[in-house]
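This is the structure I have questions about; it appears just below.
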Amino acid sequence: MLHTVNKSPFERNSLDTCLRLAKKGSAILLIEDGVIAAVKGTVQSAKIEGAVGNHAVYVLGPDLKARAFSEDQVISGVKVVDYAGFVDLAEEHGTHNAWL
Amino acid sequence: MKFGILVNEGPFTHQASDTAYQFAKAALEKGHDVPRVFFYYDGVNNANKYSAPQADDRNLVKLWGALAAEKNVDLVVCVAAGMRRGIQNESLAPGFRISGLGQLVEAGMGCDRLMMFGD
Amino acid sequence: MAEFEFETEGVKKTFTFMNRKAPYGTIYALEVLETVLISAAFEQHANIIFVDDGVYQIKAGQDTTAINMKNFSPTYGIIEMEKEDADEDDDIDMVWRIIVEKESLDARGLTEDDFKVSVEVLSAAEIADIVDASDCVISG
Amino acid sequence: MKFGILVNEGPFTHQASDTAYQFAKAALEKGHDVPRVFFYYDGVNNANKYSAPQADDRNLVKLWGALAAEKNVDLVVCVAAGMRRGIQNESLAPGFRISGLGQLVEAGMGCDRLMMFGD
Amino acid sequence: MLHTVNKSPFERNSLDTCLRLAKKGSAILLIEDGVIAAVKGTVQSAKIEGAVGNHAVYVLGPDLKARAFSEDQVISGVKVVDYAGFVDLAEEHGTHNAWL
Amino acid sequence: MAEFEFETEGVKKTFTFMNRKAPYGTIYALEVLETVLISAAFEQHANIIFVDDGVYQIKAGQDTTAINMKNFSPTYGIIEMEKEDADEDDDIDMVWRIIVEKESLDARGLTEDDFKVSVEVLSAAEIADIVDASDCVISG
């Protein structure tokens, strides 16, 4: 299963619920304002730092760049993908579960 | 692989329809099929033919329409959601058609993946 | 316009409907419900799941008169009847489950008795397994 | 007292325009003035004349229009936000007019209160 | 100043920010999904229980009823008003600040 | 249609623009900016405040090419110039402040150096006083 989260962890509870209900081993892709969760050094960073042990975690590069985050600000263990990579993840990981 | 796409939000206010469009485009470029995009909730506003953003901004209504024309994508607007929000034949942009919610369930049944984009 | 016809004859999938939002503040609850009802016409399996503020959707006693909006909560009763019909009628090959997350209930001080329909109360871990095994997830 | 009202969301998807309408109605019933309601962001969709919800649901486009007719409320749709989203003269419901964002600032300047409703 | 909060404290951070940035003595009205914050016995109740000492806190009755909350489920010290009461609060408390 | 003309001659109010949302995920940042610019035409006082994820709106280095959206962050530079003009020109009776909440910065590990415009960094308590004294609040 491929989970996507598109909201900032500062603003909404969708990342929390995703992490609570995502099966161990499933993939999580952070997109849109959700990329904020992938950034090091915020009070929310611990959520994704904790998740990389249980899930394959990805972040959408185009959304990072739009919001002026560089790839070296991304939490270690999180992989950066583009839209083509998003398509590959959807192909590879089965059912899509968008936490809206 | 066949990707069905569900778009839940209108253009501009939320990024959801931009992301859905970029996903669809990337999937088609990789040689996948996107047989149908279904527009539900405020997503029906992607089909408003009177949308005319500034020249330096993207025009999602036209971008979707072009995708339909060039890549044979079936763009379906939910009739009930569209009636509520004012998307009817009189306001429907080229490339889109109006049909029932069954077309969403069919896309889920007939595609390998149903991708959802919303708020 | 490229009208497409899917081959759906004999296709049986499991749809998960993930309801996470409170009713009335947004329309998502109502429009997801409409999708659940349509999926019955195609005899698809369905997990109708309520987590987070979505659990408020099925509370008994909703009265929308003063906000002048349509009270759509009676429709959950129709969903429950559809499920019972499918459970009892051997000719209907359709498994429906109505599920509420225990963690969401506890956080809100709610119990099953607050609801207008019968539900299975399951833990987050149990729900994770069910969702992971489904073919399409539609959330609102 | 003069209440100006800013509506940021369209009808149906968010409760904001319902609440704004109920507030305006209650203010008028109490003898206050509501000289202007300004529709911005997705709020412009409150003016879509093709909106036709089911008979047992409220029709906010018509409710706003009736308020304008009966109580002399000036319903202004932002031209730029409307262009983006497809609310132009061709799709504008009776009772509404299209004008610039300056009309929002003027409502803030000229009213005792500017009330905002959104998502 | 009259603050309004229209989102559930479970879903968004708008109540938190309102409470952080509302001046002591100002009024807070919970509307739409925001009424969930006014309900006793949830893990979010402490926020409004703590706020009633510093602010005049109100909740919109029509929104409570729609969501099947009775007035006796409302946190002590929070007053229930209808739309006419909302208008009175707006008249009385000056500038409206909607936390969206 | 009841077109209304307001008496605004000589009216001077203080508008607070409360920016709380990240850029691009939603359009609010951009459309609030347009309102700020229009308020300058009416020579109104303005507090342009960034709290919560709104602080990301003024980060330097935004590049929207790959998401195919308009990068509107250069407009914040125009806002800054309007403010400087108002500060320096005695004929313009307009006080503009560009304010960022310290608590929001700290929670995100950001400093003033991350921003493309000059800002006042103030505490929540200081901002509460400023907002409380304003006449109209427009948030997004």
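A, B, C, D, E and F are the chain letters, set down in written order, and residue numbers restart from 1 in every chain.
The criterion applied here is as follows: a residue touches a chain if its C-beta (ideal position, glycine included) is under 8 Å from a C-beta of that chain, and two chains touch if they have at least 3 such contacts.
Everything numeric here is computed off the predicted structure, so don't read it as measured data.
Asker: Mind listing the chains that sit against chain B and also against chain E?
Answerer: Shared contacts of chain B and chain E: A, C, D, F.
Asker: With one step meaning two chains touch, work out the least steps from chain B to chain F.
Answerer: Tracing touching chains, the least step count from chain B to chain F comes to 1.
Asker: Which pair wins on C-beta contacts, A-B or B-C?
Answerer: Counting C-beta pairs in contact for A-B and B-C gives the edge to B-C.
Asker: I'd like the Å distance between the centres of chain D and chain F, where a centre is the mean of that chain's Cα atoms.
Answerer: Centre separation, chain D to chain F: 24 Å.
Asker: Just the number, please: Cα centre separation of chain A and chain C in whole Å.
Answerer: Here the centre of chain C sits 26 Å away from the centre of chain A.
Asker: Give, as an integer number of Å, the spacing between the C-alpha centres of chain D and chain C.
Answerer: 34
Asker: Specify, in ascending order, the residues of chain D that touch 2 or more different other chains.
Answerer: Those would be 8, 12-13, 15, 22, 41, 57, 80, 114, 116, 118.
Asker: Where in chain E do residues touch two or more other chains at once?
Answerer: In chain E, residues 6, 10-11, 13, 32-33, 62, 82, 95-96, 98, 100 touch at least two other chains, as defined above.
Asker: Give the residues of chain C touching no fewer than two other chains, as numbers and ranges.
Answerer: 24-28, 52, 67, 69, 135-137, 139-140
Asker: Any two chains that touch count here, so list every such pair.
Answerer: So the chains that touch one another pair up as A-B, A-C, A-E, A-F, B-C, B-D, B-F, C-D, C-E, D-E, D-F, E-F.
Asker: Tell me, which parts of chain D touch chain E in their complex?
Answerer: 1, 3, 8, 15-16, 19, 22-23, 25-27, 29-30, 32, 113-119
Asker: Any idea which chain F residues touch chain A in the complex?
Answerer: 21-26, 52-53, 56, 59-67, 69, 71, 107-109
Asker: Of all residues in chain A, which touch chain F in the complex?
Answerer: Chain A reaches chain F through residues 6-8, 10-11, 32-33, 36, 40-44, 61-63, 65-68, 70, 82.
Asker: Under the touch definition given earlier, write down the residues of chain D that touch chain B in their complex.
Answerer: That would be residues 10-13, 41-42, 45, 48-54, 57, 61, 80, 83-88, 90-91 of chain D.
Asker: Enumerate the contact residues on chain A facing chain C in the complex.
Answerer: Those in contact with chain C are residues 1, 13-14, 17, 20-23, 26, 95-100.
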